[in-house]
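Just so it is clear, A, B and C label the chains in written order, and each chain counts residues from 1 on its own.
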Amino acid sequence: MALESGGSGRVAEALRRAWPLIALCAIVIAIAFAASFAPAVVQRRTTQGLINLVAVVALYTFVGNSGILSFGNVAFMAVGAYVSALLTMKPGAKSIFLPDLPAIIAAAEWPTVAGTLAGGIVAALVALLVGWPLMRLTGVSASIATFAILVVAYVVFGNWTSVTGGQNSLMGLPAYVDLWTALAWAVAAMAIAFIYQETRSALLLRASREDETAAQAAGINVVAHRLIAFVISAFLSGIAGVLLGHFLGIVRVENFYLDLTFLIVAMLIIGGRGSLTGAVAGAVVIAMLTEALRQIEIGFQVGHATIAAPAGVGDVILALIMLLIILFRPAGIAGGREITWPFRR
Amino acid sequence: MERLVQILVDAVSVGSLYALTALGIGLIFGVMRLINFAHGELITIAAYTLLALFGLPLPVMLFGAAAVAILLALVTERVAFRPLRNADPTTLLISSFAVSFFLQKLLILVVGSRLKGLDFLPVLGRQIELAGIRLQLLQIVTILVSIVLLAALTWFLRATRLGLHMRAAAEDFRMARVLGVRANRVIAVAFALSGILAAAVSCLVVVQTGVVQPRMGLQLVIIAFVGTVIGGLGSLSGAAFGGFLVGAASILLQALLPPDLRAFREAFVFIAVALILLLRPQGLIPAAGLKERV
Amino acid sequence: MTASTPLLEIAGLVVRYGAITALRSIDLAVGEGEVVSIVGPNGAGKTSLLSAVAGLVKPAQGTMTFAGRRLDLVALEDVVAHGIALVPEGRHIFASLSVMENLKLGATVRRDAGAVAADMDRFFGMFPILSERRRQPAGQLSGGEQQQLAIARALLSRPRLLMLDEPSLGLAPMIVDQIYALLRTIRAQGTTILLVEQNAERVFGVSDRVFVISGGTFGLSGSAAEIKNDPRFDAAYFGVGMHAAAGGR
C-alpha cells in the first residue's frame, strides 16, 4: 500500500481502520431512523432489538476474542438490571416491593445515566471477582464454569428476597428507555467493542486462541488478557441488562436465565462469533426473523379462515436455524470477518 | 435417630438418581468429548411417552419410554453430532446446546408448556418400615434400580467385547480405530445406553413428582452435569460418583442448612463446582489418558 | 502374486497439513518379507508416511497399493483387517486397561477365537514380563515393557506388514537392544517390516534396505550395507544442500 503524504493520508488510514465500526453504526442508525417513522408498536420492537444488540455485542466481546463460549453473560445482565433498579426506582416504589432494603439504597434515587453506568460497573466488578480465578480454565471447563455463574446468579437473585424481591417481579422501574436511548447505547457498545478489539491486549488474546501453549511460551499472559475481555464483556452485558429492565419497567429473575441465554448465544452463533459484524448481523437477522415469525403467528386471512402458526413455532425455528448454522456454516453469516471497505483503492 | 436414617436414605436415593443421570452424560463425553445438553430432553421426552402410553400395561409403558429415548438419542447422534465428529469442543458444545433447545421448544410447541399430572405407579409412594424406620418404597426402589443398572453397565463394559471397545475408544479414540474398533458403532452404543439410563431416570422422577413438564429433564441435567465435571470428565466412575455426591450433598445441605439459607443450596453446590474445577481441573477421579485438546 | 510384485507400493505420495507439505512425492516399494527402514531427523515426514499408509491421514496426491488393493480407498478401521499393523510413535497403549485387554484389542478384527488364544499364549511365552503383569493396568509398565506390549498387540492381528514408528524413542540402550532383537525374530518369521527411526545407527543391523528422508523427500537409498558406509549419509540425513529449510524441527 503506497504511503500517502501528510495529514490526509493518516485520516484516510484511520477511516479505513474504523470502517467496520462506521458501517455498522450507520446501518443500525439507519434502521432506528426508519423505525422512528413507524407506528409505536414497531418502535418498541426495534428498541427491544437494539437492546438485544447490546447484549450480543457484549457476549461477542468475550467469546469472539477469547474463543471461549460463555453462558454467564445473562447473569451480568441481571446484575446490571437489579443494580440500576435499586438505584433509580422511586423510594416509594422500593418500599412497596422491597421493604427490607438497607436505608441508603432505599432512599437513593439516582439519575438514569448514573444508574446505567453503575449497573455496568458493578457487573464488571463482579466479573473481575469471579473471573480472576476462572479465567485460568480453558475450553469446555471454562464454558462449564460460566454456566455455573449463570445458575448461581439465578439461585441467588431468585432467593435474595430482601434485595431483589426473589421470585416476584420487581416493578416500578422508570421506563425511560426509548428508541433513541437504546440506539445511543447500541452505538456506544459497538464503539467500545470495536476499540477494544483493536487494542494490543485483544490482539494477543486472539493470537492465543489458536495455540494457547505457544502463546504462553512466547510470554503472553493469556489469563490476564482473557480477564480484561471478560470484564469489558460483563460491563456491556450489565448495560444491556439495565436497558432491558428500564424498557420493560420490570425485572424478573426468570427473564434472566436460560431462555435469554439461548437467544443471545443463538444470535451470536448465527451471525458469526468471530467478528463484531457477526454479532451485529446476528442481532439484526434475528430481529427481522422475529418480525416475520410474529406475522406468521398472527396469521393471514384467507377467506373466512385465518391461517396461523401455533405460538412457540418461532423458538423452534430459531433453534433449528442455529443448529443448521453450526452444522453447515459454523463461522456464521459473517464468517469471522468484519464488514469490508467496498470501494476499490 | 429415625430422622437421621431417613435423611441418609433420602440422600442416597436422590444421589443415585443424579448418579444415573451423570452416567448418561459421562458415557457420551467419554467417547466423544461432547457434553450432551440434550440428555435432559431424552429424560423429558421419555416422561411424555409414559404420559402418552398411560393406561397400557406397565411393561409396554416402560418399554415404550425406553424405546423412544434410545431412538431419539440415536437420531440426535446421527443428525447433529456425527457431522461434527472432528470439530473443536466449543463447536460441539454449541451444537449440543442448540439440539437441547430445539427439542425442548419443539416439545413445548406440541404439548404446551404447562405441567401435566401423571399418576404413575402410585404404589411406590407407599411408606414401608425397615428395621422400625419409616421409609418410602420409592426410595428403596430408586436405590435398587440404580445399583442394578450400574452393575449391568459395569458388567457390559468390563466383560463384553463391545464394552472393551468403548473403554478403549474413551481413552484413545484414534488408536482404537487404528486397531479396527468401529467408531460409529461405539458411539451409537454409547448413545443408546445413555437413552436407557435417561428412560430409567425419567420413570423414577415421574413416580416421585407425579408431574410431567417440559423443563424437567433440563433441571436434572444441569445439576447432574455438574457432578460429571466434579467427578472427572471422561471417567465413568467419576461421573457416577460426582453425580451421587452432588445429589446427596443437595439433600444433606437442605437438612443441615439454616432455613434462610436452604434455598441457596444449589448456589453452594455450583460454587463448589467452580472451586473443584480450579483446584483439580481434572476432577476428583480423573480418566487416565484424558487429553485436553489445545 | 509373484515374488517380484512388491507387497506395498507407494507412488507420488504427497501429504499436506493445511499449508504445510510434509511429504513431497514419495515413491517406495516394499517386497514381501523385506525389512525397510526410513531414517531422518524430526519433522522430515517419517510419521506422515506411516500415517498415510495406516489411513490416519488422507494423502493430497499419489497412490498406495497393498497386496494389489488400493489403500487410499480403505477406511481407517479397515486397514488392520487388510493386514497392516501400526505401532505408533509413543506406543499409545491404553493405560487404564489391563495388559490382557490391550492385547485383546490387537485381535479386534480377528474372528478365530481359538487361534487368538493360542497366539496370546505364544506372546506370553515370548514376553514373560507381559505374562506376569497380564492383569495389571498397562500404564504401570515401564517404557520398554510398553513397547513390547505395543508390538505384541500389533502382531496379534497377524499382519503381513508391521509398521513401527520410532520404536527406540525414549528407551534405554539396553532395552532398545531387546526390541531390535525382537524385530529380528519377527523378521525371521516372515513378517514384512517398515521401520521408521531417528536413531539411524540401530536400523542397519536389521534392515535390508534403508531410505534417508529429509524435508519430505527421499535422499539416499540403498541396501543397509551401502548406506551405512556411504560418506554422503550425514549430509543426506540433515538435509544439507537439500530442502534445508524444511529439515530439522
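General remarks:
Here, a residue touches a chain if its C-beta (ideal position, glycine included) is under 8 Å from a C-beta of that chain, and two chains touch if they have at least 3 such contacts.
Computed from a prediction, not measured in an experiment: that's the story for all the values here.
Among the chains in view, B has its Cα centre nearest the centre of the complete protein Cα set.
Among the other chains, the CA centroid farthest from that of chain B is the one of C. We define each chain's centre as the mean of its Cα atoms; on that basis chain B and chain C are separated by 42 Å. Mean C-alpha position of chain A lies 53 Å from that of chain C. Put simply, the C-alpha centre of chain A and that of chain B have 32 angstrom between them. Interface of chain C with chain B (complex): residues 54-56, 76-81, 86, 88, 92, 94-97, 101, 104-106, 108-109, 137, 139, 153, 157.
By the touch criterion stated above, chain B contacts chain A in their complex at residues 33, 35, 80, 83-84, 87, 89-91, 93-95, 97-99, 101-102, 105-106, 108-109, 113, 218, 222, 225-226, 229, 233, 263-264, 266-267, 270-271, 273-274, 277-278, 281, 292-294. Listing the residues of chain B that touch chain C in their complex gives 164-165, 167-168, 171-172, 174-183, 287-289.
Those residues of chain A that touch chain B in the complex are listed here as 67-69, 133-134, 136-141, 143-145, 147-149, 151-152, 155-156, 158-159, 211-213, 258, 262, 265-266, 269, 310, 312-313, 315-316, 318-320, 322-323, 326-327, 330.
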